[in-house]
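Chain lettering (A, B, C and D) follows the sequence in which the chains are written, and residue indices restart at 1 in each chain.
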Amino acid sequence: MAKKNYAFYPGCSSQKGASASNFVPSIEVMCDKLDIQLNEIPDWNCCSASIGYGEGSQLSRLVLNARNLALVEQNMPGQDLVSGCPACWLATRETAEKLHEVESLMADTNEALKEAGLSFKGTVKARHLVEVLIEDVGFEAMKEPVVKPLEGLKIAGYVGCQTNRPFGIAGESFENPQYLDKMVETVGAEPATGYEQKVTCCGGALAFSEPEKSQKQIKDIVESAYDHGADMIVTPCQLCQANVEIYQSEINKKKGTKLSMPVVYYSQLMTVAYGGTAKQAGLDGNVLRPQKLLDIASK
Amino acid sequence: MTASIATNQTILVVGGGISGMTAALEAAECGKQVILVERNATLGGRTALLYRYFPKMCHPTCGMEINLRRIKANRNVRVMTMAEVQEVKGSRGDYTVRLKLSPRYVNSNCTACGECAKAVDAEIDNPYEYNLSKTRAAYLPHNMAYPMQYVLDPSIIGTADAEKAKAACKYDAIDLAMQEETVEIRAGAIVWATGWKPYDAARIQPYGYDRFANVITSVEFERLANPHGPTGGKLLRPSDGKEAKNIAFIQCAGSRDENHLRHCSRICCMASLKQTHYVREAYGDDAKSTIYYIDIRVIDRLEDFYQQVKKDPTVNFIKSKVAKIAEEKDGNLVLHGVDTEGYHRYATTHDLVVLAIGMEPETNGIKLPDDILLDSSGFIEGASGGMFGAGAATSPLDVNRAAQSATAAALRAIQVVHKTSTVEGAR
Amino acid sequence: MAEMKTAAYICSGCGLGDKLDVSQLAKIAQREGKMALVREHAFLCNSEGVQMIRDDIEKEEVTHVCIAACSRRAKTEAFNFPDIAMTRANLREGVIWVVSEGAEHDEVRQEMADDYVRMACAELKKAKVPAGNPNHTHLKNILVVGGGMSGMTAALEAAEAGYEVILVEKQGSLGGWAGKLYKRVPFKAPYAEPQETGVAELAARVSAHPLIAVHLNTTVAETSGAPGRYAIKLAQESGAVTEIAAGSIVQATGFTTYDIKKLPELGGGLDHVVDHAGLESLAKASNGGPIRRADGKEVKSVVFLQCAGQRDEAHLPYCSGHCCATSIKQAMYFKDANPEVSTIVVYDDLRVPGMGEDFYRSAQHKDVIFSKGKASKVESSGSGCKVTYRDLILDTDLVLDADLVVLATGQVPSSGVNVADWDRLTKEAEGGSEEARQQRNDLKRISILNLTYRQGPDLPKLKYGFADSHFICFPYETQRTGIYTAGPVRRPMDIYQATEDATGAALKAIQAAENASLGRAAHPRAGDLSYPMVRLEGCTQCKRCTVECPFGAIDEDEKRFPVFNEQRCRRCGTCMGACPVRVISFENYSVDTVGSQIKAVEIPDEFSEKPRILVLACENDAYPALDMAGLSRIVYSAFVRVIPVRCLGSVNTIWITDALNSGYDGVMMMGCRKGDEYQCHFVKGSELAGYRMSKIGDTLTQMGLEPQRVSTYEIAITDNARIAGLINDYVAELVELGPSPMKGFG
Amino acid sequence: MSDLNQKAVALYGGNFLKEVEERVEDGEWVSMCMQCGVCAGSCPLGPHWEHSPQKIFRMIMAGKREEVLTSDSVWMCTSCYTCIVRCPRKLPITHIMHGLAHYAHRLDVAPKGQPTRELAKIFWNSLIRTGRVNELKFSLGVYFKDGFSQGIKNLLGMQGVALGLMKAKRLNPMEILGGHKCKDIGGIQKMLAKAQEIEARRQI
């Protein structure tokens, strides 16, 4: 069947050598297997993330995101803007909705966009890659390419914040979303049910500015995964992945814990289940080796 | 039953709860002809499932006994149970109403002797216990049921159980051939006393009603406290049957919340205050009740009741909308939030959490005739022509106000049939 | 009506045939019960069984029917024979469902059933079909006292139903408090803005209505009579008195505001401190423009203090319910005229139930600021006021400067004389106290209805002077049949509730007049055609009936004989219970109908070890509780013999003494809860019973009986398990005590 | 006091609520708060706050301007949006907190050296320089925000993390020499300049 086209917004942390860069190949493999064609937005810019507000004014942040939307509207007609990074997606979607609600902001935004030779009418829909998988592909179709079911793997589905709130996946609960567990099942692994930290905040950008406070959050998230007998954590959020994975060593140092819970991005799971290599899955990019996943990949 | 029993002088009352019974009786005791239709197998509605009323702590069944006696004594009222309004045609003074009559599979021969229930094996969730317990699939809704007749659950029709029930009945009261029928009746005026239903607690996700066994609703707690209820009146929590002595009452569960119900359901504060009495009655000084509230809304003389509960050392008040509930391994629940009076953070453990669940119109999701006006929450605000709302169908009301509203609705209906009669008299 | 012909029908269905010797029951009905006709049937309540009875009524001219089957509460549709006297022997719920299973209990079970048949036959022979009150009334018009929102609504709604109305207002114009408002709180979606009051339009419709006669500047000087035949004297301001007649009465006399001068700490009495009413007149004066104070200064900042002198033991302990919404509305007056005006509402609990929440939201949209807190002081400062209060959220004391302070004070009902005081003074006056007589006359001046009733000139108050119903299921259960209160006189309320309430009260007034015209009782015994009959020749003028009647139905003539006003009577039988010489009775409920049942029971001798206990059970709570014990198959002792009574207040002590004389071992009286939260729908029936039984002690000792041979219980309708326990415990206690020494002397 | 701040005070006199409604992102929602406190109980960093959102809102209504704008609390939002989805009055609390922080920062009354405030500054500068965020420069910036020696300490402190990421090729030391940028950075900068101009036009 023909591949479905999407305007892809990788986001800064997916750039080569950046914190989420290792997910890029796995996203490519996954999408390829599911007949999803991601076309990178030409010359996309940063969304200003959830921390941009401090210095950046409301309008500045709106125009930054509007620029990406405008680029899609202009160069990739009919394609939804899709991002793998919740922060990018959220900032873009909030912009799209705000401009739709408030005419004056739409006018101001276009006035500013003109400076970059762009304009935005508001026709582009901003979506998260997970939305595309669930709504356009569906769980059943996600199962089909599975050649190496991830049997014997117990995985804690850590949904985090921004893929889940305030918009979330249609029909899902903010407090107890099920979709990630369902995705874990589609690839043949066992979800760690009752994982009550699944929507706890990892601290987001404050992992930098308020390390102690954020690391307390991360500690809860990881320990609860241990409590529920998980072999690893999976998350749809790149920042969550980074925060929850890389700070475990810090926490161990400070708190004398022995946390070493692998944290993977969902596309890594699917790539392995779809028969991809460890390299394609970018597992070499994980700071904490997801051994069991590596084993299956190397089978 | 056929249309012949009714004329345009007849008042149709839809709903056999306290409001519908009141509207029907008040009109009938003025000498008017009334047909009272109820969707369930018995009259009584939701008040019949309450243990006590605030503020007198008296028993709803006491008033129901009087109302049933009034109905039995009054030939102007005709009661039709398991009857649902499907369509209303016509206009003020001359309506034709199509009713769907669901089969009860038990006829008026039934003496309520109970032999059929003994014969049947199948069990169903008991709707008259808010599904907290099971009942045989041949059952009497409750001790105050009217008509005092058993009913067969449709799920056993066509099974051996149904035949067993039939065989057990010496009075051929069981008629498995009963079919759904539709009848049309005439009416001059229609009173909609369709009542309320508890908001779907599972949708209030932070409170985990769908995940935690020991988070229940206030209507369910009424059943626990009731000596006729599933626990024989003991306050036993669902997860392990352990006595719940340290109970949290969460106000505005669904109410005053734009994610759920915009309106304030009015009765919930009093309901929780009342329910702290149940806890105290059960355990005396060992009882512990905590009420988490935004505003305590107990108006007029009911304030006395609030002040009295406030003096009870076993009852605690915390001004706070609970943020979230977490379950511990032993089934206890930890409530997280902030007491906004001076900003005090809490994480308090309770044996049982009772959600003071909000009221929404029973008719939400049901299509009502077009000339009935609904407010933003779906309550009946008014209607053009000869139709009137009564009781909790019109607004979240306590029983007393519901009965007032129903009495008023009865007069409005009488005005309609009076006008038609005088007009016809003039002709 | 034909000669009395009795028939007994004995059912063997529902297991009666298996557990009882039905043919023996039939024999008893015949030989002892002296029933002219006795039939057995396997399934009496089915169409065939019922037809059999109908045929006997038809062909055999049976006039009196005894049904020996299930409880009188069951199968009422089947056993429904117009104009036929009927008694029910409760063999199912009352015997086979509550007596332990097994052959060893066959004997006592049968004896219990035998007795119930005897009792039902005995009662039947005394029973009459009530013919209804012969002196019919004909008036169906309605007097409405009070021309405010409630009164006008009651008048109009009654008139729209075709009933004539006389509307009396003491002021010179209609409208009452609502007429003084600039706008009213919204009562329809979107619940966002203050609305026109509509008072003028309503007043116009009322004045123009062909069925309504309006009397302004008029008060009620005297009210005598009863439903269907009230005679009322109306006094005009001029002093002129007109006499009118009415079928029933709606009292909608509203409220007055609490005097803010009683709240000095909150600035009551200061120049720039007003109450809601004061603010309304300022708003009316400004008529949509900027609101100015009395001194003409435009108000730029206003503070509303909620619950001023309310929810406060020192002032009004209750909440007036409407004040939060009213303050929101008044804050909007300011915001709508000028959004720059600072409007702060200081509240404890913001009480806007139902859709009021949207009105609250709307005010927040307009930047009305709501602050949970408690004001401690309001004082003059500069050209305005200084409000000191505790902000309970910030947990600090704040001081607010305001051009104007509005105190949300409460509603005080205009309900006239407190009947409790009246009663006390009456007793003292009759005791000869001149002072009491004087006080009584002073008290009478504030009366609203000036009833000529012995129990006082106005309606009894429930609490805090509100003339409300005591019952939750029955908001219009008045203690003065035919007189119904509506609006804030019954309970603090807003305009919307008042209009709903007035419409309901109008219906009850119509209903009372209709029932009176048919000689029927009103709620809760609606439709009952019996009424108290008295043999005055036997009366000793002891006045107990007049004093104890809970509904003020009995007056006294100059010779202190009781004068029964049947249309005021609720058929509770309290007078019958009170009468020491037993001259008061009802056709279908009398000293005889019960007494004969008591005598009909066969009392085993003292060696039989079979005690007999008489249970007199209130028919509304205790009797259904016993029935439901049966329904749930909860067993209790087969030594009790239960007789349902209308109310424990109707229990005449003669029944107790007769029972004990004839050898019963004990008597249980089961009534409903007494005290402040009493359950008795005849007000004080169980209280009276308790009182009378406390007096019976001496009689018992004279008879050489222990006091515990008579005991009273409070039973709730849900007490089916408890009631069985009580019976069993009592039986055990009596077994302990040994048989009554009176046995054999009976 | 910055003159911007002085202007604001002069313009609104005591009416801080109005100031917030007109000058702060989504500020017009503040008056809708009914003090239920669900936001306070929902915030992951709640335990570390001096003022909860609902309390901040009450402070705004009570005119406590300085306490609010100098509050450390408004900088503690992790943007988890839990408060937003639970608020029964649907206040966009996350955005209001961002808005208050931004406003306080703009008026330069926000707490000096507030870590998140500093982080935000560095992030934004990194962003507008190239149109995309350069994680290495950004992180280094963060570690050196309190001066060089503290920076070294921080860096050593985070060595484990950094090395881990480097090993995993997720923190590229070569980035320091430049790295990613948008082609049309010129257009982007003009665009942002315009945005500021427009906002300046709208406000004082």
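Here, contacts are C-beta pairs under 8 Å (C-beta built on N, C-alpha and C of every residue); 3 or more make two chains touch, one makes a residue touch a chain.
On a predicted model such as this, the values are computed, not experimentally measured, just so you know.
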Higher-contact pair (C-beta pairs counted), A-B versus A-D: A-D
Chain closest to the middle [Cα centroid of all protein chains]: B
Geometric centre distance via CA averages, chain B-chain A, whole Å: 46
Separation of mean Cα positions, chain D and chain A [Å, integer]: 22
Centroid distance [mean C-alpha coordinates] between chain C and chain A, Å: 67
Computed distance of Cα centres, chain D from chain B, in Å: 50
Sequence positions of chain B contacting 2 or more other chains: 206, 256, 319, 324, 340, 343
Of all residues in chain A, the ones touching two or more other chains: 174
For chain D, residues that touch 2 or more chains besides their own: 34-35, 54-55, 85-86, 89
Category of the chain touch graph - line, ring, star, complete, other: other
Chains grouped in pairs wherever the two touch, ordered by label: A-B, A-D, B-C, B-D, C-D
In the complex with chain D, residue positions of chain A that touch it: 12-13, 15-22, 43-46, 48-60, 62-64, 67, 108, 111-118, 161-162, 165-166, 174, 199-201, 203-206, 208-210, 213-214, 217, 242, 246-247, 249-250, 253, 284-287
Of chain D, residues touching chain C in the complex: 15, 17-18, 21, 31-35, 54-55, 58-59, 61-62, 64, 89
Contact footprint of chain A on chain D as seen in their complex: 25, 44-45, 48, 75-76, 78-82, 84-86, 94, 98-99, 101-102, 105-106, 115-121, 123-125, 127, 131-135, 139, 142, 158, 160-161, 164-165, 167-172, 174-175, 179-180, 182-184, 187-188, 190-196, 198-199
Chain C residues touching chain B - in the complex, by the definition given at the top: 13-15, 43, 45-46, 70, 74-78, 157-158, 160-162, 188-190, 311, 317-321, 349-358, 372, 392-393, 395, 462-464, 466, 468, 471-476, 491-493, 497, 500-501, 503-504, 506-508, 510-511, 514-515, 523-524, 526-527, 620-621, 624, 628, 631-632, 672-673, 677, 679, 681, 716-718, 720-722
Contact footprint of chain D on chain B as seen in their complex: 206, 252, 256-259, 294, 319-324, 336-340, 343, 345
